[in-house]
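Quick one: the structure is below, and I'll ask about it shortly.
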Amino acid sequence: MRVSNTVRRMLGWYEGESPGTKANIARILCTGRLAGTGKVVILPVDQGFEHGPARSFSPNPPAYDPHYHYQLAIQAGLNAYAAPLGMIAQGADSYAGQIPTILKVNSSNSLATSKDQAVTAGVKDALRLGCAAIGFTIYPGSEYAFDQMEELRELTLEAKDAGLAVVVWSYPRGPNLDRAAETAVDICAYAAQMAALMGAHIIKVKPPTEVVSLDAAKKSYAGFDGSTLAKRVAHVMQSSFAGKRVVVFSGGEAKDLEGVYEEVRGIRDGGGNGSIIGRNTFQRPKDDAMAMLNKIIEIYQGKA
Amino acid sequence: MRVSNTVRRMLGWYEGESPGTKANIARILCTGRLAGTGKVVILPVDQGFEHGPARSFSPNPPAYDPHYHYQLAIQAGLNAYAAPLGMIAQGADSYAGQIPTILKVNSSNSLATSKDQAVTAGVKDALRLGCAAIGFTIYPGSEYAFDQMEELRELTLEAKDAGLAVVVWSYPRGPNLDRAAETAVDICAYAAQMAALMGAHIIKVKPPTEVVSLDAAKKSYAGFDGSTLAKRVAHVMQSSFAGKRVVVFSGGEAKDLEGVYEEVRGIRDGGGNGSIIGRNTFQRPKDDAMAMLNKIIEIYQGKA
Amino acid sequence: MRVSNTVRRMLGWYEGESPGTKANIARILCTGRLAGTGKVVILPVDQGFEHGPARSFSPNPPAYDPHYHYQLAIQAGLNAYAAPLGMIAQGADSYAGQIPTILKVNSSNSLATSKDQAVTAGVKDALRLGCAAIGFTIYPGSEYAFDQMEELRELTLEAKDAGLAVVVWSYPRGPNLDRAAETAVDICAYAAQMAALMGAHIIKVKPPTEVVSLDAAKKSYAGFDGSTLAKRVAHVMQSSFAGKRVVVFSGGEAKDLEGVYEEVRGIRDGGGNGSIIGRNTFQRPKDDAMAMLNKIIEIYQGKA
Amino acid sequence: MRVSNTVRRMLGWYEGESPGTKANIARILCTGRLAGTGKVVILPVDQGFEHGPARSFSPNPPAYDPHYHYQLAIQAGLNAYAAPLGMIAQGADSYAGQIPTILKVNSSNSLATSKDQAVTAGVKDALRLGCAAIGFTIYPGSEYAFDQMEELRELTLEAKDAGLAVVVWSYPRGPNLDRAAETAVDICAYAAQMAALMGAHIIKVKPPTEVVSLDAAKKSYAGFDGSTLAKRVAHVMQSSFAGKRVVVFSGGEAKDLEGVYEEVRGIRDGGGNGSIIGRNTFQRPKDDAMAMLNKIIEIYQGKA
Amino acid sequence: MRVSNTVRRMLGWYEGESPGTKANIARILCTGRLAGTGKVVILPVDQGFEHGPARSFSPNPPAYDPHYHYQLAIQAGLNAYAAPLGMIAQGADSYAGQIPTILKVNSSNSLATSKDQAVTAGVKDALRLGCAAIGFTIYPGSEYAFDQMEELRELTLEAKDAGLAVVVWSYPRGPNLDRAAETAVDICAYAAQMAALMGAHIIKVKPPTEVVSLDAAKKSYAGFDGSTLAKRVAHVMQSSFAGKRVVVFSGGEAKDLEGVYEEVRGIRDGGGNGSIIGRNTFQRPKDDAMAMLNKIIEIYQGKA
């Protein structure tokens, strides 16, 4: 596997991590059409758990089949594919070694009575399935946030011991955070910071809006120019150890193509590392998804 | 490492502790410009977790980078640097062996719905990262205080088994404590006492005010002269095994320089062991912070 | 990583193995200039342990430096690099993710008083160092063979649990085997068979000679035509589950280039999977080694 | 799977065993053309380990491929297939659930310097590969017999804990036993008794000859009529808890067909449970082997 | 603790090691009068175990007291003090933190019936006593060498997990090595190589003589100029990963001062990292020892 100078420099950020963990981070950074650029596009498919199958896959029925997502990620030249245990396993043999996989080890669902997540897989599963990383969601702001952080801590320790990487979905939500707060620029930056402090190697947050939500933080943002997504993304990167963590931004709800591309340009221009984009890909017919991913990759390559 | 007579005498306080733990206490006491004096100045950087990145670092943007704090603590000649897992790791290789580190193993955050903390790291992390101590916050008075104490007990046992030192942030708060109570002299003294009783080697409390808060304690303080910070600090020291524990005082919110120096003189004159001072340092431009720390150190050296 | 149809078919041989193990086998088969062909060239450097440093490296002093071997294997486009703990570690950070590594977990040495090996590393080391496989030597025929097999069994179980591949060096030797017997065709075939039965994924044996050594086996070889190396290699492959294991052949003692190439052609023509070739590479000046490896690769590519 | 009254009665013999273990014994007894009769024919293929590949498979080269043996056992309607780790694994996916497998967990080889065996697999492997039983060889009379028995005890305990059955190959050999002694009727009966005492569920011994070998036993056999194989087999069955263990007899070296059939009739008429017959099957062309196995099954069915 | 650029570069050699381990290596390299130079002088006192108390300490009776050695090492400005459990413990409180200690975890003795060593302490002891490293002796060439290596492997894994450094005494001896062989240049180089391959951070060997001992190695040394100690030391350093391990040389038997100084100059000029010198120090009156150590340090400083 060719490891570019850019990636070698990025691996240097991860002080104190084992060569095994660094090799798995490198594997994600050096796969697909963005290999070696420091940019990444990841396909996450946990919506079947989060929203149920029909809400997730009926817009594009071939996506009911787990193999569909492996094929999409591989053919589009993405960096990695992230999903819960059953999805990863169904395809792990057929596509062994073809794309780095991230085992999503906790999940929520729409039938749940609380805004928590269940731990549904672990490090042994990840090793057995040949994954490069585990993925874990925390909800800062939720009543369960401390419990989730303690689960994350245990899994992180075990994952690093086994030479795996750790990807954290840091999604603020909870009783004191209204809908606007969940994507407020101060909250997104805070979410990224907490994931970094917990030891995450790759951090996933939502693209931040111009909102500043926490009263206590408003003074700190007095002089902040958050007029463009690029500027807001730059602030999130700054909040991730001065840019020394890989931070990827979710695609959010399905939207029109130009909206997607504009968002990706903002992420790129703000120095974000890339996109982790699920519904916007697998809810389109495959050809459309391939065309869209091609364009996104070209944007990250600076060609579009 | 030169261990002064003063420090040797102080190590004698820690009866029943292993030589490994004493060596780590010694390491903190014998590093930096105050080495060997029994006085300490420690840089704590957990505000990114507690208050979020912008509130913590936007006043001085270079501080977004974890290396900044290592450099600041080393260049200013401080005794130790304390931070959560991600901050300590990001620099642990580059600055290996250059300054004792204290791994803050629990953390709260401003999005939390409860006045608790999450355990975010442990003793294995501390050993792997070469830390001299773990740091743990308890909130005596909170609904979570007993749980926190039980977490502290487990971590303390494990840390001492591994030859590490234990630093306890003892911060009273909770439903029966109003704002004034949190820094009342009786409450601060009580907080220090509880930390000592739990087995802490180094205790961090807030500088006490003249307030006496607990009704039940008022009679005991009838003849107490708490008119100066020095006298109040002396009482906190007395409450820490007759001065036989290292007690350091937080700097609290950013304030003007003279306010900082006056407080430090009070701590010194009351026999306190030193300051653990975060926001007041890293929220200033580096040169200002260096000048301020120089002055603080000179105060503890009795030169200013 | 592109996994060719050839490799996908080969992965199908490894029934009962986890996707993690298959992915690591795929990683070895899909790296370097022979990626995807089913052919492999591996650089093994355990001669420092086996024969001592001067006998190993004095013919080409840059080879004293562990980084040299990483560079050689990467630049020559080999499939993997195999070495003991210290050698793999010294380079594991610098070359993280650049080439699959095989941690040789037992080693003999020339000062030893018995024909045994010491277990010098394990699966935890392999995970921490990001290795794709562990490597283990057995000496069928030795007084220690049963003990070695039992060590191998334990390590194999643990390696497979962790999603690693297992490479077995099967080198017959012992009181009843004279020099000629050690490379006799019946003995080499038997050695390969035993490694396969023990659960090895990749098997290393010596190129077999025309000798048939075991009296009890002579009748079975009555009609066997072992007149060319290709025919003898074909028999070894047949003895490795009808060719359904990856079998690589050692290069043996340093020899002249034409001798090396002729041997490689024999391995290729007999359907062997490749060469694991140490001394013949690193004991030459680097340019010569690169030229030789280029030629060997071309032979396996059917171009030379 | 239909469990006949005969088999239900036989399961009643195995007092103290778990339902899981009984279900696995039932699985062996209720598979193939002899299902439910209490008779069994098992295919064992460990000769590749014991004698090497060419001696084992060159008489019938398709047998080099592990799949061959699965197919043979399934197509001939046998009760089970027994082999070492690599052989069982290579086919475990393709033939999952099609025939009960017995994982042979220790093995000797013809290069060995001592008459011992190596433990080459274990209960975890058997569970992972879906085996019904483990198989283990002891050599009563050998210098290693006590060690082997202690290994057997550990593995038996573990196997029964996991609901597996235990098959013991009980093959007397050693310094005080000459060639004739190894198949002497008193020795065979003794070997079966020891296996039963060790907790074996299925016992494999060699067909006994008329020889009485142990001097100390001769008086006991004074009135014994061992003139036919049936009478000798009946004595072995008697020695196996009065017939309350499943005892199968090996086929020994390849012999002519009539010899094989005569031996099988003797086993049947003496009340033996069946045959475990390797070389005589897989060293013939497949059609011949199928015809022979058909005849053997008809003999056990009382039709031939 | 000031970590010089030289030491920072040296820490870079130890790829794959945790910051904790690197910090402990740094602690040894940055203590005493040679701090930061990359040179080290270590006091080892295991002769009480190896040779008995009178042979060790009667030439200088104050040395019977374990405190004597702590004082000597500290006052002379050495880098570290190495001794068995009891010696380290007796003084661990009194001198906590004053000098890095190396817990010698195996030991031989003069009453022993075999040329082996007993493991007499472990990693938990080292942590509890505040040691920077464990020390372990292997005897390559002995009948116990493989067992010792396997003990070392276990202890090394555990030590590195706990952030400790590993020092290996590599002392060839055994039935095939005569007295001259034990210090032969080829054997010393081989001993250093094996320690490095086992994962040692600091290697102790004996100063090599001009002898080349192994017949098989003689050809490799044909053109080797070993006429001075410096040249021979340079070869040992080359054999230690091209100089990328810290290698220290024992002082051997007590000798006259000029002999000691000459040897130290040879080590220095050959690029060796320093001396580990026991009997030559503690068997002299303290003032003489201090003078001698002062001179040795000056030699390593290039001043003498």
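As written, the chains take the letters A, B, C, D and E, and residue 1 is the first residue of each chain.
Rule of thumb we're sticking to: a contact is a pair of C-beta atoms (placed from the backbone, for glycine too) under 8 Å apart; a residue touches a chain by one contact, two chains touch by 3 or more.
Since this is a predicted model, take the numbers as computed values, not measurements.
K.L.:
Between chain B and chain C, how many steps is the shortest route if every step has to go to a touching chain?
P.N.:
Steps on the shortest route: 2.
K.L.:
Same or different: do the copies chain B and chain E touch each other through matching residue numbers, with over half of them shared?
P.N.:
Both copies, chain B as well as chain E, present the same residues to each other, with over half of the numbers appearing on both sides.
K.L.:
Tell me the rotation angle, 0 to 180 degrees, that brings the C-alpha atoms of chain A onto chain E, to the nearest 5.
P.N.:
Between chain A and chain E the superposing rotation measures out at 180 degrees.
K.L.:
Suppose chain centres are the mean of their C-alpha atoms. Which chain sits farthest from chain B?
P.N.:
The most distant chain relative to chain B turns out to be D.
K.L.:
Sharing over half of the contact pairs with C-D by residue number is what counts; pick that pair out of B-E, A-B or A-E.
P.N.:
A-B
K.L.:
When you average C-alpha coordinates per chain, which one falls nearest the overall C-alpha average? Tell me, please.
P.N.:
C
K.L.:
Go ahead and note the Å separation of the Cα centroids belonging to chain C and chain E.
P.N.:
Taking the average C-alpha coordinate of chain C and of chain E, the gap between them is 36 Å.
K.L.:
Quick check: how many Å separate the C-alpha centres of chain A and chain C?
P.N.:
Once rounded, the distance between the two centres reads 39 Å.
K.L.:
In angstrom, rounded to a whole number, how far apart do the mean CA points of chain B and chain D lie?
P.N.:
72
K.L.:
Would you pick out the residues of chain C that each touch at least 2 other chains?
P.N.:
Where chain C meets two or more other chains at a single residue, that happens at 89, 92-93, 124, 128-129.
K.L.:
Given which chains touch which, is the overall layout a line, a ring, a star, complete, or other?
P.N.:
Other.
K.L.:
Chain pairs in touch?
P.N.:
A-B, A-C, A-E, B-E, C-D, C-E
K.L.:
Can you list the residues on chain A that touch chain C in the complex?
P.N.:
Touching chain C: residues 1-3, 11, 18-24, 26-27, 30-31, 89, 92-93, 95-99, 124, 127-131, 161-163 of chain A.
K.L.:
For chain A, which residues count as touching chain E in their complex?
P.N.:
These residues of chain A touch chain E: 15-16, 18-19.
K.L.:
Chain B touches which residues of chain A in the complex?
P.N.:
Interface residues on the chain A side: 13, 15-17, 140-143, 145-147, 149-150, 153, 157, 172, 174-177, 186-187, 189-190, 192-194, 196-200, 214, 216-217, 220-221, 224, 235, 238-239, 241-242, 244.
K.L.:
Which positions of chain C touch chain E when the two form their complex?
P.N.:
It is residues 48-49, 51-55, 57-59, 61, 64-66, 84-87, 89-94, 107, 109-114, 116-122, 124-125, 128-129 of chain C that touch chain E.
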